[in-house]
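To keep things simple, chains are lettered A, B, C and D as they appear, and every chain counts its residues starting from 1.
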Amino acid sequence: MHLMSSATRLLRRHTTALGLCCLLATPAGAQEPIRIAFIDPQSGTFDATGESAYKVLDFAADYFFNSRGGVLGGRPLEVVALDNKASAADSQLQLRRAISEGMQFVVSGQSSAVASALSTTIERHNSRNPESRVLFINYAAVDPLLTGADCSFWHFRFDAHADMKMEVMTSHIAANPDIRRVYVIGQDYSFGQAVGTAAVTMLAAKRPDIQIVGNELHPIGQVKDFTPYISKIVSSGADAVITGNWGADMVALGRGITDAGLDVPIYTFYAAHDGITGTLGESGKNRIHVVHNDRANPVLNDVRRDFTLAFKAANPALDVTQPRLVNALMMLVAAMEAAGTTDPYDVALAMEDRRLTTMTGEEIWMRADDHQLFAPLNVSVHTNEGVEFDSDNSGYGLVTRFTVPLEDTIAESSCHMTRPTR
Amino acid sequence: MRTLVLWAVFALLLMVLPLIFDSVLGVSILNQMAIAIVFALSYNLLLGQGGMLSFGHAVYFGLGGFLAVHAMLLTETQTLAIPLVLIPLVGGLCGLVAALFIGSFSTGRAGTVFAMISLGVGELLAASSLILVSFFGGERGVSADRTFAPPFFGVDFAQDVQVYFLAAAWLFVSVLGMYLFTRTPAGRLANAVRDNPERAQFLGYSAQRVRFISFVVAGFFAGIAGGLFAVNYEILTAGNLNAASSGQVLLMAYIGGLGVFIGPIIGAVLLTLINSLFNHYTTLWMLYLGLVFVLTVMFLPRGLTGLLMMHRLPWQQGRLGLLIRPYTLTAIPGAVLVLSLIGLLEMSQRETGPFVYLGIPLAPGSAMSWLALLAVAVIAFVALRRTLPGLRAAWAEATAQSPRSLEKGDAT
Amino acid sequence: MSLLQLDNVSKSFGNSAILRNVHLRIEPGERHAIIGPNGAGKSTLFHLISGRQQVSAGRILFKGEAIHTLPPHEIARRGLARSFQVSSLFAQLSVFENLRCALLWPLGYGYSFWHLLSREKALNARTESLLDELGLWQRRDVPAGELAYAEQRALELGLAIASGAELILLDEPVAGMSATEARQALALIRRVTAGKTLVLVEHDMTVVFDIAERISVLVQGELIASDTPAAIRRNAHVQEAYLGVPAGDQHA
Amino acid sequence: MADALIFATLNGLVTGMLLFMLASGVTLIFSMMGVLNFAHASFYMLGAYFAFAISQQIGFWPALLLAPVLVGVLGALVERYGLRHVHKSGQVAELVFTFGLAFLIEEAVQLFWGRATQDFRSPAALDFALFTLFGQDFPAWKGFMLCISVSIFIGLYFALTRTRTGIIIQAAITHPQTVANLGHNVPRLFMVVFGVGSALAGLAGVIAGPVLTTFPGMASMLGSIVFVIVVIGGLGSLTGALVASLLIGLLQSWAIASGLGMADLLALLGVSFPPDHALRDLWRLTLPQVAPLLPYLLLVLMLIFRPSGLFGKRES
């Protein structure tokens, strides 16, 4: 059995001995590094995106900044991975570790549950300890409440939320005349429910003739075999499926549908990378559609192509799974440079209403009212034709087929943020 | 008298600890330890003292925690005004009530039937926590801000250190409470029913009733631990009452040692450190934890405190000196063997780039480093095999009953 | 009114009858021995009386009240204690703890979790005196599991008599003991059960004829005789059952 | 609606038989050695991973034979050097040992194969639709699963009732000591039974791996369901395990297929509740949501009212 290594998590440079917690004495001599805490699951079995996301962020920090003289006059960026084991309690522990070691920026996004817990904790921490404030960069948790009812001055989201993605998805479906019966199935929790309700309301508005033939919720992480659900989909005569599933639930559902010989488009949020593309492979071709704010293929410019090639060279077994992380890092650094400091309050102000051209050549904008990022949203298809960068080294990858420009993705803000004083 | 001194030292230690480990991380680990100790001790009331192996003890911890966080939420929205100091008691009462209900039908038998019922109830509640969203808050859980509670002598518990003192106070009360319980008729009968349920019946006691009392008391203290969790983390999620949390407390009690009262305390401290610190240095910490656990079950059935207790006999006979030399002789190759094996495992996780292991630069790519580590491991293993018999002999001699102590004991 | 009364008690597992309509009367203060070859159902009889097993038919009255439907702990509370053929002790608890547990119910502690055992003077004093009576003083803090065989039998007896029960059932108290040990155990039994009603099952005939005032003989689940020791010695049926000598004439 | 029900029944059979293959091993091991093997589902996972690794080198069919044998040998070694050693410290220690073992195997699998889902596919030869019912294909692979598990049941049943070792095993189920007194080497018998039980789990892993996705969490997903089946079926009874497995498989499948819920029940009774009612979660409850709960509910009820299970010969 060839010893395949998966979790490469080398702590770049730490001086703490294994004591209970004798603190980090950062060497004063060399330019003091700006340390960014990456709090996502590194262990646990349900979903493995935590590690590949860390590699992308860590590599981007070196590739774009450290190798080019650092930030704020030569200070290197250092990304420290902290394992939260996908639990709210452990996220708090790791947050406290980050604060102990003087980190002022936290990047996380694995699940909406952890993100909302972290956002509330940071809001409380900042109001109780003004001297050690922390800024929260959410790169993937899509629960609309995070920039809606539960929005916070210290939380910035670098991904479109569920309703925005549903707008794009339902527009793409509406544009397809031969879809008349849509089946919605999701995991029984806030995100799954949000996708369900959004699908029903938006399709009713855009294509009243489309019939929602099923709106099913299944327990998260409990379903071993999706066949009973699939036989319901088949008997409903659906000619399109919408699902927000991720991890093992996405793989099992995707494979179940394709195994049953159901040749219908499946609209998803997370049906790519970390073993999912490889596992779906041929049976998913031209069926799996993913709504996301990235353009894996065709690549628009050389900056993105060079970055991806460099990343693949350094990590052959991994893919650039979360390009949003690079966008977030670039905007964060731009705000630091503009504010001339790493103080979270000033960086937050500088980031509000900021526009930036990403490595993929697209323009993104961070709205000030609710700290929600807007970027062009795409519908890409799982195929092996026209794929310059595949995932899981499977020959299959995502090719963008439908794009909605930034302006059209803007949804009005429902956030009433309590803005802290200096 | 001697126990009074011990309790005073314990109280003093609790006061001093936050001064030594005063960093934000240090205090939060201490808080976590306090919660884990109360939870592990309440578990040992069932397993170590009462002989009831439960795979669902996190149910009482979780339910207590959820009710506590709901109480904090009601205080936050001004419908109630419960001081934060009493929140753990709210958790405890909820754990008590849950144990009253579940204990009524599960304490009929100990052994496998009890274990299976506890597993069934645990899984039942964990699965339903994602359905009853109004109480369990679905997968986002339920969160509340503790600073809205009426201040306690001017303290609003915003800072972690203040929470530490609340947790330490409850820790002291709980440990004392559970210690005293084991010194009461009901506590001592729990041991009797553990050893021989049938004989206890012939002395006038229903084994089911005795187990039931221990079960309810354990539920109460598990609820307190849940309440402390709610105060410290200000959030409860479905993960707090699933099988993994029940498994964690089983590890703590077993590695610490079931037979001795303070066993679970040592287990809780050790595992909290491993859970919060080790995962910072290696992604394989869960593997090492699994190995430590399996080896403990196989070679140290009475846990770490059991190992210490085994040394009481030679210590009483002043023969401890005999063991020092063989211990060091076996410890060195043993340590080298373990470290080299860990090195091999860690290196397997590093695909490219420099890999510095204990200060020694190694290259995962080159066969040289693998061979070197392997050679060190083999040498250490051989050395270990030669020194082990020495240790066994010394151990046999140290624990042999000296004739003098035999005469004293055999008058009939 | 006899202390213990068995009316046509029978017990069968499936279709094999272990005991068949046993009639027995035990008077207060009496020392009664039950003898019979192995497999005669003596231990089963004890299990039925002490509630460990349920009767298949018939009834058992203790102090005039029916106890054959009660669970063991309720029977024990009414003042009926028993020892076991194979020592059944609390292995991990010390000898002192074993005896103290036996005293908890009689001294009215019930299921209390509000009394601190270390502060209960009367309870501890009573336990110490019991230890002394049993001669186990030296082994006070030794876990019961580590006692020598004879010491375990002494503790077994101690647990039975600790509750101050009026009726004490002893299941082969001197089994497996040497002659001297048996003599010492017998003296101990006589001393601690003074003034109490005693029913014992025993194979050692010297012990039986030394201590028993009445003897019942159980053979293949039937009580064939219940009389004074002298009468039993002369009883033809008993000889036949024990010695296998066919009786002169078959009684009806 | 009828076609969904037929398919659900068919699928319930497939999952039921798969669960049986796991439960049969646990029942045998538990009734003979009184050991509830928490690590049994981990052997199932190992079966899937070994088959995945072997099938990459030398194809699927040899893997179908080799992987279960490998898992069986591993199981025997675990019994020989682990369980037998721990047996001395009592039943609690054994339970806790297998619990630790499950934890360890899960981490070891992640060490060797990483955390991502493995692309373990059923062999191309069986990658066609056996038949199509109302537009849904019934993959041949699931037909193959059914055949294997049915033949395992028949094989096991005859092995236990007709062969000499089978009779010894049956005897040892209820009276291990007497069997030992008759001169049979009971420890070796235990090792063989533990090995065969693990091999059965491994085989279940090989045939279920492609369908139920091979990833490190596949064991914990299935873990406790197996105990539910063993307890409900009755300790030491193979037919009990079969009936219970089918019961659970069909129950869950029908619950999902039916899609009924409290709302329909309330509508039937003509009762309605405001949407923000305190117990709104209960009124919105649907059978598919409750499906994963049912086995544990059955477990607790069975243990209270009939601890020996449906066909059990002895309690525990």
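In this text, a residue touches a chain if its C-beta (ideal position, glycine included) is under 8 Å from a C-beta of that chain, and two chains touch if they have at least 3 such contacts.
As the structure is a computational prediction, the values presented were derived from the model and not from experiment.
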Touching subunit B and subunit C alike are none
So, in whole Å, the Cα centroid of subunit A is separated from that of subunit C by 75
Between subunit D and subunit C, distance of the C-alpha-averaged centres to the nearest whole Å
49
At what distance in angstrom does the C-alpha mean of subunit D lie from that of subunit B?
31
Suppose each chain is reduced to the average of its Cα coordinates; what separation in Å results between subunit A and subunit D?
36
Residue numbers in subunit C touching two or more further chains are none
Enumerate the residues of subunit B that touch no fewer than two other chains.
127, 131, 286, 348-349
Subunit A residues counted as touching two or more neighbouring chains:
3, 5-7, 43, 51, 188, 219, 222
When you check every pair of chains, which ones turn out to touch?
A-B, A-D, B-C, B-D
Counting only contacts in the complex, subunit B reaches subunit C at residues 180-181, 183-189, 191-192, 194-196, 198-206, 209-210, 213, 217, 259, 408-412
In the complex, the residues of subunit A that touch subunit B are 3, 5-11, 18, 20-21, 23, 42-43, 51, 82-83, 85, 87-89, 92-93, 96-97, 99-101, 111-113, 116-117, 120-121, 124, 128-129, 132, 188-190, 219-220, 222, 314, 317
Per the touch rule above, subunit B residues touching subunit A in the complex are 21, 23-26, 28-29, 32, 127, 130-131, 138-141, 143, 145, 147, 158-160, 229, 233-235, 237, 239-240, 273, 276-277, 279-281, 283, 285-286, 348-353, 355
Which residues of subunit D touch subunit A in the complex?
1, 3-4, 7-8, 11-12, 14-15, 53, 106, 110, 112-119, 129, 132, 134-137, 139, 211-213, 215-217, 220-222, 252-253, 256-257, 259, 288-289, 291-292
Help me check something: in the complex, which residues belonging to subunit C touch subunit B?
50, 52, 71-73, 76-77, 81-82, 84, 88-93, 97, 100-102, 104-106, 109-118, 135, 138-139, 142, 148, 150-151, 154, 159, 162-163, 184
